[in-house]
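Going in written order, the chains are labelled A, B, C, D, E and F, and every chain counts its residues from 1.
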Amino acid sequence: MEILVASAIGILTAAGIYLVLRLRTFPVILGISLLTYAVNVFLFASGRLAVGAPPILRDGVEVYADPLPQALVLTAIVISFGMTAVVVMIGLGAFLGSDTDRVDDPAEDAS
Amino acid sequence: MSLATDILNWVLIATFIVVAFSQIMAMLRLVKGPTVGDRILALDTMVVNALGIIVLLGMWYGIGIYFEVTLLVAMLGFVSTVAYAKFVLRGDVIE
Amino acid sequence: MKSAVRWLMPHPFLTLILAVVWTLLQNDISAGMVVFGLILGILIPWGTAAWWPDQPQDFRLGKMVSYATIVLWDILVANVQVAWIVLTRSNESLRPAWVVIPLDLREPEAITILAGTITLTPGTVSADLSSEGHSLLVHALDCPDPDAVRDEIKDRYERRLKEIFL
Amino acid sequence: MSHWIILPIVLPAMLAPFIVLAARYHIGIQRVFSVAGILAQIALAIGLAWQAADGTVTLYQLGDWAAPFGIVVVADRLSTVMILLTSVLALFVLLYAIGSRWDERGRHFHALYQFQIMGIMGAFLTGDLFNLFVFFEVLLIASYGLMIHSGGNERLRAGVQYVLFNLIGSTLFLFALGSIYAETGTLNMADLANRVDLIGEEATVGIRVASVLLIMVFAIKAALVPLHFWLPSSYAEAPAPVAALFAIMTKVGAYAIIRVYTMVFPPELEATAGLHGLWLLPAALVSLALGAIGVLAAKKLDRLVAFSVISSMGMVMVSIAMFTQASITAALYYIVHSTFAAAALFLITDLARAGRRDLALTPQPVIAGATRTAGLFFIAAIAMTGLPPLSGFVGKLLILDAGFATDMATWIWAVILISSLVSVVGFARAGSVVFWKAQSIDPIDVEEGVDMTPPSALAYTAVGGLVAMLVAHTVLAGHTSGYADKIAAQLFAPDAYMSVVLDTPGKLSDGSYEDGEEY
Amino acid sequence: MSLFLIVALPFLGALLPGLMNSAGRAACAGVTFVVTLAAFVGLMTNLPAVAAGEVVSVGVDWIPIVGLNFNLMLDGLGFFFATLILGIGLLIITYARHYLAREDHMGEFFTYLLLFQGAMVGIVLSDNILLLLIFWELTSLSSFLLIGYWKHLPEGRQGARMALTVTGMGGLALIGGMLILGNIAGSYDLSVILQSKDVIQDSPLYLPALILILLGCFTKSAQFPFHFWLPHAMAAPTPVSAYLHSATMVKAGIFLMARLWPVLSGTPEWFVIVTTAGLITMCLGAVIALFKHDLKALLAFSTVSHLGLITMLLGTGTKFGAWAAVFHIFNHATFKAALFMSAGIVDHEAKTRDIRLLGGLRVLMPITFVIATLAALSMAGIPFLNGFLSKEMMLEEANHTTLFGMPWLVPVLATFGSLFSAAYCFRLIGHTFLGPVRESYPAKPHDPGFGLWGPPAILVVLVVAVGVAPFLATPMVQLVASAVVGEAGAFDDKYIKIWHGLVPALYMSIIAVVGGLVVLAMFKPLLRAWDAAPRPEAKTIFEALISGVVALAQGISHTLHNGAFSRYAAIAMITFIAVGYHAWQTGTVGEASRVIQEAGPVAIAGWLLLVAATIGLVLMHRRRLLALVLIGIVGLMVSVGFVYFSAPDLAMTQFTVEVVTIILLLLALNFLPKQTPVESSLSRRLRDGGVAILGGVATLILSYHYLIRDAVTGPISEFHLANSYKGGGGTNVVNVILVDFRGFDTFGEIIVLGIAALLIYALTETLLNGPVRARLLNRRPDQARAGDVHPMMMVVLTRVIMPVVLMVGFYIFLRGHNEPGGGFIAGLIVSIAVVMQYMASGFNWASDRVRFPYHGVIGAGVLVAGLTGIGSWFVGKPFLTSDFTYVRIPPFQEFELATAALFDVGVFLAVVGAVMLSLESFSRLARRAHDKDSDHPMDIDPSREDDAQAVKGA
Amino acid sequence: MMWELIGIYVAIISLIIGAIFTMVGAIGMLKLDNPMSRLHAPTKVGTVGIGALLLASMIHSWVTADGSFNELLIMAFLFVTAPISANFIAKVYLHTNEDKTLPKPPRDDTWSTLNVPAADRDLIED
């Protein structure tokens, strides 16, 4: 099981990095989203894996999944949602102003 | 009773496998397309199947608390299907 | 008095549905929960009334129940049929076809229920309305005779719906 | 229960939504509340700094939960000085934003400003690593809003890169936090410091990787080469007051490194031995050099200033990377200096924009008041490049002196001194073109659409205030550097801090709650 | 007068002329003069003490931790220099008052001049070498301002920059040298350092310190090879040249060599470096000076030459050398300042300084002629003028000096230098003042008023007085030289006299003077040879060097910072991986401590789907809609994974966030291109792929590493599990952590969301009020849009479903503390319910019926959460302390009332407000692009016809 | 005991039905060659398939624990939304494909999806 999760993190990360290195805003944002998934799962996994043991207290149940990483990931998901919305909006604003959604700045050399 | 429970467990596992297999087939359709409609359809199906998997997990672990998740998946899957479709139809999802 | 009730409960049927939903959600039929569900059932429609501006359509609840029973039965049968088609028939032997259903119904709610029914039942999917809403476009999975399908739909469902929605 | 410590965070957090709610359409009211809020911040910061001055470490347990189970904020010498620095900077920058009417050129400037302050304050005060992440995000997202304030194509394009780069940084932060929690099972810094001691030498990779991931997160903030690429365009394109406020943001990274790598992963910790020696100091030296090269190479005044920020952060990082008490002292002194110097330069750059088509380093007509601007630029440039008599020089002396005893002394000295020279040449070239050569241009050649209104008195006052801070930091250098030394002393004896954080009882630990049902 | 005040007066006084510019030229000059005079008089009050051999010192701690203290001392050397600085300063101020033109900004000039003066006085009075450094650099800065005073002149700006660059470089070297010196001696106080000769000279760091300090001195005093900046600084107004380049700034380097002479000199290193540099400078400067046609340039190179002479004398390391050096410093200051001022007068009157255009001025400007001639002859080393005396001493010293084992080398070169020195002096007199009067001067010259010729005249009086009566200077030289060598009264004061007998120095002097005349006689052919000879032009070299450095800097900086985010990101990723790898590879890997769990078929299928969707996304990312569908699948599978691994709250959050994100992305994609073009080369993609795979492998290994091991000790969440119910009143531990244990994180989190929404709103406003607006209005869809915008079936369904979804949201909210759910998820659900309505009936129709402004909802949310936290203050508890109780109101069951729930209400409101404000903002962009909006919730509604007919019928 | 046993067997049967129908939906979606035909399979069969699984879950919960009606709610939700989803996907099909076999509506001009706004008519690709 562990290797499945670890490799999923690895594959999400690799895909995320590849897309982040693209030249247009849209795929880069998708790449960031994939990286976000990867890191959320990674952070989640820092509490180790537990199947069928949600941290909802029940009488007579002793074993629970680690709730803390779950809370942290929840916070991280929310924050990255806000960030994604913002970067989409700024990217859109840049596109509407200049008619290109390239990430790289062509005018830099001139400045 | 224990026989019945055993059978139930076996059937549960078999159902898991079937639903998982259905997911993979839906995924194939999603990748294959060829029309946008097919892809949205495949996504819709996968959401519903995922819901099935969660229901099965709830049965397997005997924990009722996955209900909220299931309910949410049912609601939101619909919304996202409509959103994708509206995008293809109109470009603007909210207009 | 009636207008006060209308003001309080713009959509009584919705209130009922919400109360039922609340009970199903709570998984518990205690007095407190039902009362709470009713309170929500009144508050929520009241809060969302602006988005349902039309006066609600009167309908016959009894006929609605019998309609629902028929549809449920049709769904069960239809699904077995469709399953059979999917599993046994080859693509070549299928005869998909478009069926046009001229509508006598006028009310959006009624038309929606009809369209939904068609989608949930045997080998048919409602695909579109005509541009003024006078016809319904239906796709049939295996349909040697579109006219027959049309007549059956009109007879089996639309007629009943017309009786439900006066 | 004293709630003063939490106020620097809660006050702007409440003020900002209040501004959004109540004063959304009235810029005047927004300004009044915003300035009042910052003044209150200064008062709070002075009080807290006073309280911490004798070495007292004050703890505040959010939700009454004892560390490490709940989140704590901690006020010691370092954190209180940082919030004082932030609030003083914030006041002058805010006055400038009002005086230059930048705040009117888009929506929600003041709310975002307050949120930005909140994020920075939180980052300085928190004692919990994940909470630090949250405050990083607060300050970042507010900075995104401020950075693109008033829009414009170049600004938005730079904004996209700025946000994307920081998103990568945030992702890395979470990887680091995940690693730390996986390895140690805690998030509280003091608790973490205890737990890393438990790690045996037979299994160190986990904590080593966690440690470097974390320092790289902070290095991004601190614009350490090669993680600095986000800085030049975003600082150059940001509205001037925003860029000026950002002067403190790079310091958040420096602060975090100082905090974490003196307490949690101190140089003498065996598990993480030899991790940073290889690259941290060289990277800092390269930052210093590359920043200076950028200053010399810049073709626009705002980019020049942005590169000087990289260079000054290089100085800070060189000093931090030595990790001795003397070097941290020097770093702290320099942090205060470079914050004011960079902020002043960004604002002066904006003053220089008046009457100009752009900030390209070409002679363009100058308008009334340009002599004043030129004078301010000269002073700020002296400060930034570390020429006497201003605090930049004092800071440089402190750093050079601290570097004397290290193995890398030759490198440190050579790079610092040569970079200074390169910066001086760069600033002299730029200043002489923008302020001197411009005088050979006939003002009749002014192009259409160029705003000829001279900056307002309030704008000059704000800049003057920042310059006055630099002067004060120089004249009182004996006191400020002496206090920096005390801060460093406290940092290098973290046991007191740790015991305050970890030994203070909270809810449930003092028996105030009855035993409930068992679960 | 206190030394503090002497140093402070010029600085404080500097404010005055700048502020009183409008009071007029005379007032500016007057106040400057008074300030300088005050300082001068103050200095003189210390004369008795200094003359008595005392060292006056004062001090105050400034920056003790680095040893930088404001310590001043006044001994003979300092007194001598301070007198020169202030005394000549007084003359220069008088001269400048008359020299500067009406349009020159007088106040600014005198401000800079006083700053400079203060800095110079500071240098010579500093008892702390770090303090000295500060004043040292201040002279560079203030001279930068003075040289660039005429900002409109390109030569002024270039000269200023060159001076700043060269002296700045030296200053930085000096910083290094001084710090080393201080560290060797254990103190930065001169009084300590001057006692530490042996420690310093035995230190292995002596040589680096020496080289760095000499770099500082040589650049400042224009010694070869740093001599080239000085002539270009002549672009400054002449009073500046006269002040800086005769008496003051260029002497700072000399001063410092003299100041540190006791501890640095006497070693072979010192001797070789300093003497050689001095000799070369002396000869080179003299030769170049001869061929300069600009009077000021000639004087500038003569200054270079004489500074070389003094340097050479200090380099010999003998007491006699030091003595001669001191004497020549004084003499040079007097005649050179007089010469500069004379040159200024010529320039001022004749409007040219080109010697070739001059000649015959003897008749037109007799006073100036006398002054200049006396000063020039003194410089040439003619007896009965002070220059002769010190030059004799120099030649004498040269005779005793053996460099590189060649005893003849120094005397020959010294004579050579003197010869050319005499030559250019004669040329100056001959070609400027003698000869026939011309008709062609740019302006008709005549002697100026006393204001201009008075100051040089006073100096020439000194020149002659000392030249005729050398004993007048003896006490001064005695005093100063003692201070330099650090021993009182060690000199044979009889040496300062005109006639020493027929010593070799006399012959050398005669050779020099006669040779000078011969050279001048051969000037024309020599000039032709000079002009024909290829020689490096220092300015060209310097400028080429600087522009080369700038080009290199631009090459580096612009190549690195080329604006390519993709490369920035790649560099960052590679850095993360490399540094992480280094950390890993230098550490030790412990044993795995956890049992690896079996993976069932469902897990494997889920993994397959996730991987397939991810890889599919990478392969097909160019088709953007498809990419969005695929990322939806990735999100779905991650959510299912969270369910599988016991995290229902996470699954719900992930799933709802996913839907909202996709709607946002779809809203944005509406405007963006629907395809991503192929732009990067195959090799580039391979490179990116390589980086990606490295990163993937790194995270795989790292996460697997942690997954199969336990933390070093039990995680803190054990406490949360144990106390969630007892202390937080909830059984959903995740929720209790979010709203209670770590409620502060959540507080920050909702603020992030709120800011995101405000930002999006603000940017939308900005876009809609800017040039983008017209673009949006004229925008055309990139494909035909389908009819039926608001389909009937959707509208009808929404009417029923939306209330149900709202109720579900309410339910999820209420249960959140004990079961999966909570304010955040509920907020998202409610938002999605409203979005459904938006999608069904359109933005306008739906939002017209929304009762709350979303801004307000966000603000209220944050305020509610914050006020809940603040509420605990009133019971004396910290921010966000929760409390809960169980109540029972019939007919309801017992339920829990927790303050955490109120906090959760804040979370809920903030989330609803933020999500809705963001969506609304996105939609507004599109709304502007559209033509009209419907009054009806649905487009097609046959029942409307009935109504219409009914209306018609009625 | 008896009821529990019956309950378990009913749950088993429901599971089997659910599995079969889920499978059929997936097969149909893969196998059928016409996009409109493919729409039939999952929207209906899939719904019933998952419906059966939900039923099994509900019965199971009554047998093994306190029992719940929650599943009914989810089932209702799926049944109500499935036709709308199908309708939208059909509209997507009509909009993105030109179907020659499509009949004209008898009383109105065209089908609502094909009723492209006048401004966009020139964008229709042939």
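Please note the rule applied: a contact is a pair of C-beta atoms (placed from the backbone, for glycine too) under 8 Å apart; a residue touches a chain by one contact, two chains touch by 3 or more.
Remember, it's a predicted structure, so these values are computed and weren't measured experimentally.
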item	value
Shortest chain-hopping distance from subunit A out to subunit D	1
Innermost chain, taking as reference the mean of every protein Cα atom displayed	D
Identity of the chain that, by mean CA position, is farthest from subunit E	C
Distance-maximising chain from subunit D - centres being C-alpha averages	C
Between E-F and D-E, the pair with more C-beta contacts	D-E
Approximate Å spacing (C-alpha centroids) for the pair subunit B, subunit E	60
Cα-centroid distance, subunit D relative to subunit F, in whole angstrom	56
Inter-centroid spacing, subunit F versus subunit B (mean Cα positions, whole Å)	11
Centre distance in Å when subunit A and subunit E are each reduced to the mean of their C-alpha atoms	38
Shared interface positions of subunit D, touching two or more other chains	130, 134, 137, 141, 144-145, 148, 151-152, 160-161, 164, 168, 175, 178-179, 181-182, 187, 233, 299, 519
Shared interface positions of subunit C, touching two or more other chains	21, 25, 115-116, 126, 128-129, 131-134
Multi-partner residues of subunit F (at least 2 other chains)	20, 27, 39, 43, 47, 66, 68, 70, 73, 77, 80-81, 83-84, 87-88, 90-91, 93-95, 110, 112-115
Residue numbers on subunit C that touch subunit F, as the complex places them	21, 23-25, 27, 75-76, 78-79, 82-83, 86-87, 91, 94, 96-98, 100, 102, 115-120, 123, 125-135, 137, 139, 141
Parts of subunit E lying in touch with subunit F, wherever the complex brings them together	780-788, 791, 793-794, 797, 800-801, 804, 931, 939-940
In the complex, subunit B residues that touch subunit F	1, 4-5, 7-8, 11-12, 14-15, 18-19, 21-23, 25-26, 28-29, 35-38, 40-42, 44-45, 48-49, 51-52, 55-56, 58-59, 62, 64, 67, 70-71, 74-75, 78, 81-82, 85-86, 88-89
Parts of subunit D lying in touch with subunit A, wherever the complex brings them together	130, 134, 137, 140-141, 144-145, 148, 151-154, 156-161, 163-164, 167-168, 170-171, 174-175, 177-179, 181-182, 187, 233, 236, 299-300, 303, 360, 519
Residue ranges of subunit A touching subunit E (in the complex, touch as defined)	1-30, 33-34, 37-38, 40-42, 44-58, 64-75, 77-79, 81-86, 88-93, 95-97, 101, 103-109
